[in-house]
Structure formats: C-alpha cells, structure tokens
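A, B, C and D label the chains in the order they appear, each numbered from 1.
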Amino acid sequence: MTATFPARPGWAQGGAATGANYTADASAPPWRSGSAERPLQPVNLLELEEAAARVIPAAGFDYIAGGAGDEWTLRENRAAFERRQIVQRVLTGKVVADTATEILGTPIALPTIVAPMGGQAIAHVSAEAGTARGAAAAGTLHTVSTVATLSLEDAARAADGPKWFQIYLTRDDGFNAELLQRARAAGYGAIVLTVDVPIVGNRERDRRNGFVYPPAAAPRNFLDAAGRLRPIERAFQPRLDADSIAFVRRHGGLPVVVKGIATAEDALLALDAGAAAIQVSNHGGRQLDGAPAAFTVLPEVAAAVQGRVPLILDGGIRRGADVFKALASGADVVALGRPVLYGLALGGWQGVQSVFQHLEDELRTVMQLAGAATVADIRRTRLYG
Amino acid sequence: MTATFPARPGWAQGGAATGANYTADASAPPWRSGSAERPLQPVNLLELEEAAARVIPAAGFDYIAGGAGDEWTLRENRAAFERRQIVQRVLTGKVVADTATEILGTPIALPTIVAPMGGQAIAHVSAEAGTARGAAAAGTLHTVSTVATLSLEDAARAADGPKWFQIYLTRDDGFNAELLQRARAAGYGAIVLTVDVPIVGNRERDRRNGFVYPPAAAPRNFLDAAGRLRPIERAFQPRLDADSIAFVRRHGGLPVVVKGIATAEDALLALDAGAAAIQVSNHGGRQLDGAPAAFTVLPEVAAAVQGRVPLILDGGIRRGADVFKALASGADVVALGRPVLYGLALGGWQGVQSVFQHLEDELRTVMQLAGAATVADIRRTRLYG
Amino acid sequence: MTATFPARPGWAQGGAATGANYTADASAPPWRSGSAERPLQPVNLLELEEAAARVIPAAGFDYIAGGAGDEWTLRENRAAFERRQIVQRVLTGKVVADTATEILGTPIALPTIVAPMGGQAIAHVSAEAGTARGAAAAGTLHTVSTVATLSLEDAARAADGPKWFQIYLTRDDGFNAELLQRARAAGYGAIVLTVDVPIVGNRERDRRNGFVYPPAAAPRNFLDAAGRLRPIERAFQPRLDADSIAFVRRHGGLPVVVKGIATAEDALLALDAGAAAIQVSNHGGRQLDGAPAAFTVLPEVAAAVQGRVPLILDGGIRRGADVFKALASGADVVALGRPVLYGLALGGWQGVQSVFQHLEDELRTVMQLAGAATVADIRRTRLYG
Amino acid sequence: MTATFPARPGWAQGGAATGANYTADASAPPWRSGSAERPLQPVNLLELEEAAARVIPAAGFDYIAGGAGDEWTLRENRAAFERRQIVQRVLTGKVVADTATEILGTPIALPTIVAPMGGQAIAHVSAEAGTARGAAAAGTLHTVSTVATLSLEDAARAADGPKWFQIYLTRDDGFNAELLQRARAAGYGAIVLTVDVPIVGNRERDRRNGFVYPPAAAPRNFLDAAGRLRPIERAFQPRLDADSIAFVRRHGGLPVVVKGIATAEDALLALDAGAAAIQVSNHGGRQLDGAPAAFTVLPEVAAAVQGRVPLILDGGIRRGADVFKALASGADVVALGRPVLYGLALGGWQGVQSVFQHLEDELRTVMQLAGAATVADIRRTRLYG
C-alpha cells in the first residue's frame, strides 16, 4: 500500500528543499562545521544558540534551529513553561542530595537524556561520536538517530555510556528489520520508534535555503552495498499504528520507546501495543505547526498512562527550571535536543558534557530553592499557575 | 423607502474616498496592474502579500489588503486561529487519501473555494477571467462578484469550472431581477447574496488614498445601454431581511448562499427564508471593525444551524492549518479571498492555481500529522484550547 | 476641618508643577494656542491628537493629553473597549433612522455630549466659547468647567445650545453657593458635581514640564473683585459625601449630575442623596492611576442603579464603536473630552462640530452593521466577549 | 552534615562570578560609588534606577538591579501589581488623616520599611549609615544585613531610629550565636532570619560581569580577629527548618521575622516555630527565577496565617499604589529595597529620606482617591480584578 501524496512536483514531495533530502551532491563545496574540542562555561543554554550560529554554516544552523510553518509551536514549546511557576519552599530542612534517577532500568546522573537528532556532522566534525562521548562523560544516556551521520555501529562504538537507537520505519520492512537487528547487535539498550514523521513537516527555512544534507553529513545507515546513498525520504512509512510497534518489538527484541505522542488516545494505543515507555514530543516544533506545546499536553498523557510506563518529555527544555516543571507535571525524564548540538558545535564532546553539567547546576539550584532533595521529591512538588 | 444617512457631505455618503466609488474618471493615468503569467512556488501564502504590494499600485493594494477602522477585526480574523490548536495524532494507521469534498452538490478537489471579490483588474490584467481559469485548474469553485471588472457573462465564459454569482442588492429591484436572470442564463450554479454591506464600512486606507476604482477596473455589470457606468454605491439596498432572500430565490431560480452571517439569530433568519447555505463572514474585516473574528463566531452559527445546510467560512484563511481548524469547528468548506488576488497579481491564472495547490499541500501535511485521511475525518477531529 | 496633607513642600501640596496651579504669572511669554476656524475632515478622531500636538504648546498639550502616574488607567480606558466586541447583525430589515436621544429631558442629536474641561484657552483662542458654539452646531450639549478660562456667564452667552455647569466644591461654602447661583442665573440646565478630585492626581508630565496655567487661560470664575486670581487648588474641598450633593441641590436649584462614580457603593450614595444622573468616570485617567477603566466598571454601576437615573460614561471614547459599546453596556449617553479640545485647537467651533459629526458618521455605520436603527436599539444589543 | 553540591568548579560553587563572592581583592582599583548628599525630588521612584545607573559602577549596579536567570520573576514582581486595580471611592466623606502604623510594636510614619540589603558601600560612601539616617529621618524602620559593609555595631550607631538585624545562618553555629548576641547588644529590635538563600541564586549578570564585592564594600561582620575576611558563601547553611528559627529565637532573645516565605506550608512551619512576623518575599527575584510574584502568593500566605502574626511583603514595590494594593491584600507593611539604594546612591541619607517621602506622597494621593483615611482603612478595601 502506498500513500497518495500529490503527484505534482513540490515541497510536499521532498523536492529540492525539504530539509529531509539526503541525496549527497558530490560537487558541493566542503562543509565547514565546528571542530573545537573544549569545555564550555555557558551563562545559560539559551546563549549557546547565538554562539553556535557563528560556527555552523547558515543553512545547517537553520535546519537545526528552525521549526515548521510559522514556528508557532517551536516558540510555544518554550512559552508554555512560563505559564506555570515553581513555588519557593525553604523551610523543609532538605538539602539537595542527588539528581540521579533511572530510565528503563538504566541509571543516569541527572533526569535529562539526549534526544535523537540526525546528521550531527552538520554541527561538528565528531558528529554522533562527540555526542556519545559527552553524554557518557556527563553520566547520561544518548539516543542515536536512524539518520545519524555515523553508522549505528560506529556511533555505538564511540563511547561506553548507555545508548538507545531511534528508528524511522521505511516502506521496506526488510531494511527495517535489518536496522533493528544491527541495533541490537551493536548493544543499544532500547529502540525509540519515532511516530510523528509520517510525512516531513513544512520546514520553511529549509525550503528558503534549498537545504540538503551535505555529503559530509550523509546518513551512513543508508549507504548501499556499493557505498551509495539509498533514497530515503520517500521511503518513509506514513502508515503507523499498533502493528508498527509490534514489528519493532519483534525484530528489535528490545524495549520500545514510542516517541511523538501528544494525546491520550495515541498514548493508550502505544500502551496496548506494548510500548515500554512513551516520549511526549512534537518533534521540537518541526512537524505540525499549530500543535500545543509538548509541556501543555504532558498532563493529558500522564493522566492516561497512570504511571504504567515511564514518560519522557522533549520540546523546549533550556533551563533547570524547565526540567523541574516537566518532572513535577508527570515526566520521568526529559530529553534535550538542540542545546546538545550547540554544545557539540562549540566544544565537541566536552561541549556536550558542559551542557549537561550546566543544566544539572541549574537544576540543583532550583531543587534547593523548591525544597526538593531528590528527583523523587521533584515529582511530588505542586506547581503554581 | 430610503435610508436616512446624514445629509451633509462626508465619507459615510460615499464621497471621494470610500473605496466603493466606482465613478470612472477618464482623465486618470493608466492603471498598471500585474500582467505576469506563471506558476508560483510560494513558501507560504503570507509572503505573497508583500510580493503583491510591489506589483499592484499602492492605492489598489491598500484597497485589497485593508480593513475597516483600526483593522482590529482584520487582524483578529487571523489571531483567532492561533487560540485553538491541532493535536498531533500519529498512531491511527491512516494515510491521507484525499482532500476532495463537495458543496451544494458540486465536487471540488479541496475544501477551499474562491470568495467573491470585485474589480479584479486592480490586481491583474486578466481580472476575473484569470481567477476563474486558475480556480478551475485547481479543481475548485469560484465566485464572481457583482462588482467584478468583467461582465458576469464574460467571467462565466472564461473557464468551465464550477462558479457562483455574488449579488449585492441595489434599490432597483428591476435591475436586481435582471442581474439574477443574467446569472442563471450564464450558467452560474448558485447565487451568493451578500448581506453584510448594507452600508460600506469605514475603510480608512481608502479615504486617505482618495481611492476610486480606476476606469480599467470599473464594474461592467453596471454599464448602462450607452456604455456609461450607473451610480452604484448609493444604490445599494441597506434594508435586508428574509424578503431579500426570498426575492433572490424567486428571481434567480438557484440555490442561495447567504454570505455575511455572524450570529445564531441571523443564521436562523436565513434558514427560515430558505437559504441553501450560509457563509460565515465579516467581509474580511472590511465592514464592522470591532466585530469578533469569523472563526470565533463559527461555533455559535454551527450550533444554531445544526447541519441543516452547509456552512462556508471566510476570513483570515492563510494556512492549511486554518482550513483544518475551520472544518473541525463546523465549516464544510472555507473561502479564500486576498491570497487569491495576490496569486493573480503575481502570476495570472497560474498564480491562482499555485495558491490553491500550495494550500492543498499544507492541508495534506496537517491532515497526515493529525490523523485525518479525508475531509470527513477532519470534521470529526477535536481541537485543543 | 481641614485635610492633613503633608506639610513639607512637594507636589502633593500643589507646588510649582501640579498642573492645577492657576497662579497667573504676568511675566510669562504670550501663549500661542490654536486660532484656526475651519471644518475638519478627520479620517478618525485618534489622528487628531498628533495634529493638535503641533498646534498647542507642548506643556499645554501634555496637560491635556496626559494622565496620572504611569498612565496605565489612561491607556486602559481605551484598551477595555477592545475586550468586548460588537456582533454583526444584518438580516433585521432595520435601517438607521436616527441617532437622537435625550438626557435629563434635553433632546440631543447624538448620544454624545461634551465633558467638562478647564482652561480651554490653552487649546484655542476662542476657549469655551468655541466649544459651546461647536457643540450647539452639532446638536449636542456641552458642560462648562468651574475652571473654564471664560467666566460661566461668558461661556453661557457664547451659544444657545443646551449647557450644564460643572462645579468643584471649594472649602469656601459662600463662594460655592455664589457660583451655583450664578450658574442658575446664567441659564445652565444642570449642575455637574465632580467628586473625583478631592486631591489633584499625580500628573507626572505636568511636574516634569513645570506646567502652570498661562495667564491667558486663567479661570475667570476665580477672579476676585480686584481682578486678581484667588488661590484655587488648596481651596478644593477634599471631603465629599451625601451632604455635598445636598448642598449643590439646595444652592443650585438644578438637577445634579454626580461625576466621578466608579463603584456601586458610591453610586448608591449618590442616588440616596438625590443625584439626578450619574457620570461614571475616572477623570480620563488623570486621577487614580491603576483604577480600572471607566468602561470596565460601568456594568457594576448600572446594576446598582437599575435605571433609576440616567448614566453618563466618559473615558476613552474615540470611535463610534466605543459609543455603541458603552450604550449597550448600560450608559444612556457618553461624554467626550480630549478629542473635543483637539478639534477646537485645530478648527475652532467648526472643528468641534466636525468632531461630533465624524463620531456620528462612525456611529451610524456601526449601528447599521449591528442592526440597530435607533439609540434605543443599541441599548438592547448584546455584546460579545 | 554537609550539602552535596557538585564537586566540579562552576558557578554553583561560588566561583569567580557569583555575585556572592566576598573575597576582597586588594589589587582592585578603587571603587567609585555615589557621594552626593542632597534631597531628591523624583517624579517617581522608577526613574531613580536610570539615574543611579549613572552613579554606581556598572557591575555594582547590575548586582543591585539584577535578578536570577531570565529575570522573569524580577519583572513579574512588578507585573503582578498591574493585574489588580484600586477602585476609586470618593463619596465616603473621608479625608486622609494619617499613614502611620506600627510593626511588632514599633510605630512608623508610613507602612513601608527598609528591606535588608548587603554591601551598601557599593552604592554610596556612607553605606548603611546613610540608609539608617535617611530611614530615621523619614520616620521608619530599617533592616541591617548580615553582609552589610558596616559592622552591625557601626550601622546601629548611625542613627537612633528603629532597626532590625537580618541574619543568614552560616554552618558555624558559634559564629551565628555570636552575631545574634552582638545584634541584641547593639540595640536591634528584632532579628530577620532570611530563609530563601540556602544557595545563592543564578545571578547571570554577576557571572557575566565577574562581579565580586569590592574591598570597600566588604562585609565587616565577617572580619576575623586579624582583620581578614572569613570565607562566606560556602559557609552558608543550606539546611533551614523550624530548628533554625528556634536557634535564632534562643540566641537572639528577640522577636524573629522569618523572611522568604512564599507558601502556606512554609508560613505554617514558621508560625509553629514561633515566628513573630512573616516576610513574604522571593528575594527580589534574585533567587528562584520562575517563582510567582511575591504579591501573587501573598493571599495564600495571608489565608494560612489568619492574622496570627503580622505580614511584611517585599518585591516590586515602586508606587504608592503598590503599597496600597499590598496592604489591601493582607500585608501589614511592605519593605522597600532597590529604590532605597538608588536614593542612597544619588543623595546619601537625604536621598533615602526623599524616597520615603515621595512614596508617602503617592500613597496619600491614592488613599484619598480610594476613600481610605488611615492604614486600617486600606486593609479593609476591596481591590478589583
């Protein structure tokens, strides 16, 4: 069965400028991404964006930073956090003990993991290897994307921290099964099945820039036997349902995190299909512009799930206070995306480590001022507003 | 019976600058509207406005783009869409099949038709003929205005797609009856009776610009036997009620769409008078500034009508997401105004076709991400907020 | 009994810069206010402010245009109107018949009268005479201020339209009684007792400008027998209550409009004391900054008064739509302040007339689009929001 | 027991730029703070900030003016006041009698006291002595900070007005007890125990500026026997609870005001531990960014306390209207912070006096227009919104 998208040429077809066109153009000039290797001392994670924009080539930066359509959801992912407040609690006698927690049995030093992001050579020469090493150094887990620059085996080899593999199902079930088996063989601890890209969102920055992945960032998982890239985007499977989850469970043999859930209905479908965890996400505002913020729909999903599986939230996390609010609203951990890439671009693996260290510092300060000594305490905290 | 508007000279009398003064001034310099004929590849429909402002003479552009008073309602027509959100649904197993639907028995390729707009030669030399051809090429229906530049017969002849004729009732019932009979004879499938211009709104841009229709755009339906324009504005009938609708039904012998409904009360009056469809509209913010957005009042009208006749919504549609939200809130189809004229100005009939194709592309992306395979699915979707 | 305001020098004492210091300084340079006599054709009343700022000396303009403190209430008086909307009603079969109404038995051509404003020579050489003549020409009523530039007798003589006299009670009851008797003798039809200036508000613009009334605008009602100005501000009576109203009724022998009511409590006190009408007002945002908009408190006052006396609203009226909303929310008429002075500055009496004609034109357009044929219809209209 | 803050270098450790690093650097250039001694005639207290920024060295100004994180709570402390309004009441027959009140038995001329602020030599050469003298001249109480530039004895000696001593508990209970005994001996009337600095907030301006207290402003209370500064920040006690309050009561022998309460829970803990008063505060937005405004949480605290002890509010007070709103919402008095330092910087003790006089003038005007003759009347007033 095939999707019936419009037959005429145009962006919805993955034409020249969708931002999801991976056809390597060998005649393109060399890509000049970041190459520094150094720790960072950011005043906050927000300022990393501006700094990264000076290191990553403009079209690549736009690909990373941008969202769909008017970028309303991109902005709303941040704005939603401002509408709830953390109340100062200072007579509890508690002192911050620990930010450690676990997710699907994997201990992590702080309740923040790395969200899957493709083509990281766009940001830094070390690509996913840098992110893997930085996450491990920070004591947390990272997720390698199907469309990573490095092959899933190379990414897995880069560091010995905990890691998950993210998959987009293509229309070729043989290829899907092969990827899942490779992931298990490479030692990944779970499969993150992304379900919110049945079609690539309307990324207007990419269309204006005519952005395509540069050869240096081309996703190695899609190299064919002859070392050529297979066509990718049109191969994505738009039809996703309980069977998709079952397929991934069966062929991966690993716990399945279903990523891209934004409603109670989809959460219950995922649960019934055996999801081991649910990642509440709107793909960082890159898919359905006009969707509510991830943080906004989190309580609805949490109410539906009732704690039967862990919840991960991504979308707009930039501050320790955001991590705190997400956990106080039902998330078990949060996933961090763009700031990780900015840290990578600016400082390689050490930059990635710095990003997580900074976020942990902020989180500790918030915890202390809110009277939460542990991550478990955060989850019991009431918010205001 | 006559209206008792103030006797002193002034804009409420249709003086020099009402934007509804159609007296051709033969000594005016030639009007230089758009004349290009080409397909467009807009990144979005919003950016067409700025591009069109470079092609359409300034006073003409202001006439098209502007609204009444402070233009609060003009802006609110857009802003109201932002207050409701579309929830991402991605585990339904559905794939977009089709954007086709029908309105009053006429099949259309997407749930968006052309709103009536007068004097289209202001925007492009092909005037309503270009719009007719573009709409037909896009597989949709267009509505020809009473005050079209072309005669209703010439506009009807321009393309063989489905078409409706929009009428403003004048105080001359003989002329009204004549227009309706001409419309039926010319093959129009329905009459759109506009009821929200009992008096021309306070168009401040037009008054500042001293805008009058240029001779090139003068409405041919109002040429008298000697080829001279009849006075138009003062001739408009301010008294509109159930009898007006009955008159149009009787003399037109066609289904009557009552356009300009914004309350349950008026909707029920129209239904009782035999309206075949209701178009919820505030005339694009050009009439009563300070009125709520069309999208805001849609649920009230839908609740009153209870599905007895189809609902059309116009006002502020610029995105596929807006179409989706309107349909999910009770509209059967939406009508598109200004962006059509911008497409016409920039690319003639091909520009108009491009506008609808782009909107369809956006709508398909939204549908897929919201789990709606068909227009009927959209109508069953819940919004957020 | 005397008020116990602070003894140290300072603005609360009416020092050099309170804007309410009327001590004429004979050595001041001549005041150059407007002197044009011509009709105006404003596109809207809002634009008059900028034009008037070019005609009225800067400190005088600031005195007129400014409000207290942060000018929050000044802005809010306008903003409050935006939060309610007028619904388009177009199938009623009604055609605007008339904007005529009456207030305390006096017929007026439109439901808008002139609010009392002092020292009008600041704006135009004709001072209150110009306003009186313009209001009469527009068919409406004007209110002459205690601190008018012209004596109440000269102001009364200037035109034969309906007029009220506004009084601030001083601490000198003999003087108060004398003013009231002079007002009755001069033919005023009612006394407007202003109760919201027990102390002059914190007018920061005036303090920055060191503004005092120029000799040309000095209030003639306060000339003593020797032609010298009596000290005014410190003489104002801060203690106002039911007895104040009774005093004015007894000595004026005229209906008393109590102006400056913003709560149900004060409204009931005024009613019990025999007020003939109530003017809901926060003195145009010039007194208590941080008070709600006049339009915001109108429903509370209307609910308390229950139609026993007419309600007048002032504060922020600039559009016909504002007049409409005020009447639909319980006001019988509205009073217009600053725009009248701007019209006066720019065109003398003809400018004042133009301001009212323009407002009437806007109101008629709104009425027609809202399905209201008369002022009585407006009062029965529901608003939205 | 010790807190387990992260072991790596970084701002959460009080590195080079925390704004709470008091290590005097003898090689620093001389600090040039304000030295003027003169009364001020501010138009309002808001404009003092800009003027003070021209007198206080930039990094010192930022230390004073800045808040934590995005400074959302800093701004919100002001914005929250705008969401409630004061209703004009003008027929009560009341005239402002008095702004006098008392707090913990100490009569004060107005319901506004000085909040504790450290290192006042940053702003003016007279440091806390100027503030003490100015507050006394204005008839109010001031609070001397643990980290005042002057020793608590010198600060106490500077003026004979009422004074409180504010304490941060360190991890050294001997030193804490010593400070408390010195405070009692020096004649302070109460101890203000600050509980909202278990850890120093994330002051980003200070980190950007690399701000440390200049030697001239070093806190003399922390000089050791050899005249050297003891390390301060790391010595702060993060564990605070009922026992902390009991300790302060026991060793101080004075009433204890618990400052930094923002919830009902903490308020009840403080009450149970014998607090004599509660100060609702978020430390001027300098600690937990994203916390609600102090004014926002005041009603919750007031409802919990039910009048058993007095409530003091600080955070965002700049206007007489703010004082009024705070008292009408449950506060007994308010404390003023930054504007006092600005007045000090610009005019020494006379500047401080001017700040309070100005605030009293504004408050009197508001009281008169709201029908409140006394502070007790304010407390009985209803707000709007």
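The criterion applied here is as follows: a contact is a pair of C-beta atoms (placed from the backbone, for glycine too) under 8 Å apart; a residue touches a chain by one contact, two chains touch by 3 or more.
Given the structure is predicted, the values throughout are model-derived calculations rather than measurements.
When the partners of chain B are compared with those of chain C, no chain appears in both lists. Of all chains in the assembly, none touches chain A and also chain B. Of all residue numbers seen at the chain C-chain D contact, under half occur in both copies; the interface is built from largely non-matching residues. Mean C-alpha positions place chain B and chain D at a centre distance of 61 Å. Per-chain CA centroids place chain A at a distance of 43 Å from chain D. Listed for chain C are no residues, as none touches two or more other chains.
Contact residues on chain C toward chain D in their complex (touch as defined above): 1, 3-6, 8, 10-12, 69-70, 72, 195-196, 198-199, 201-202, 204, 207-208, 238-244, 258, 260-263, 265-266, 269-270, 282, 287-292, 296-297. Contacts from chain D toward chain C in the complex involve residues 41, 43-44, 46, 81-82, 85-98, 319, 321, 325, 357-358, 360-362, 364-366, 368-370, 384-385.
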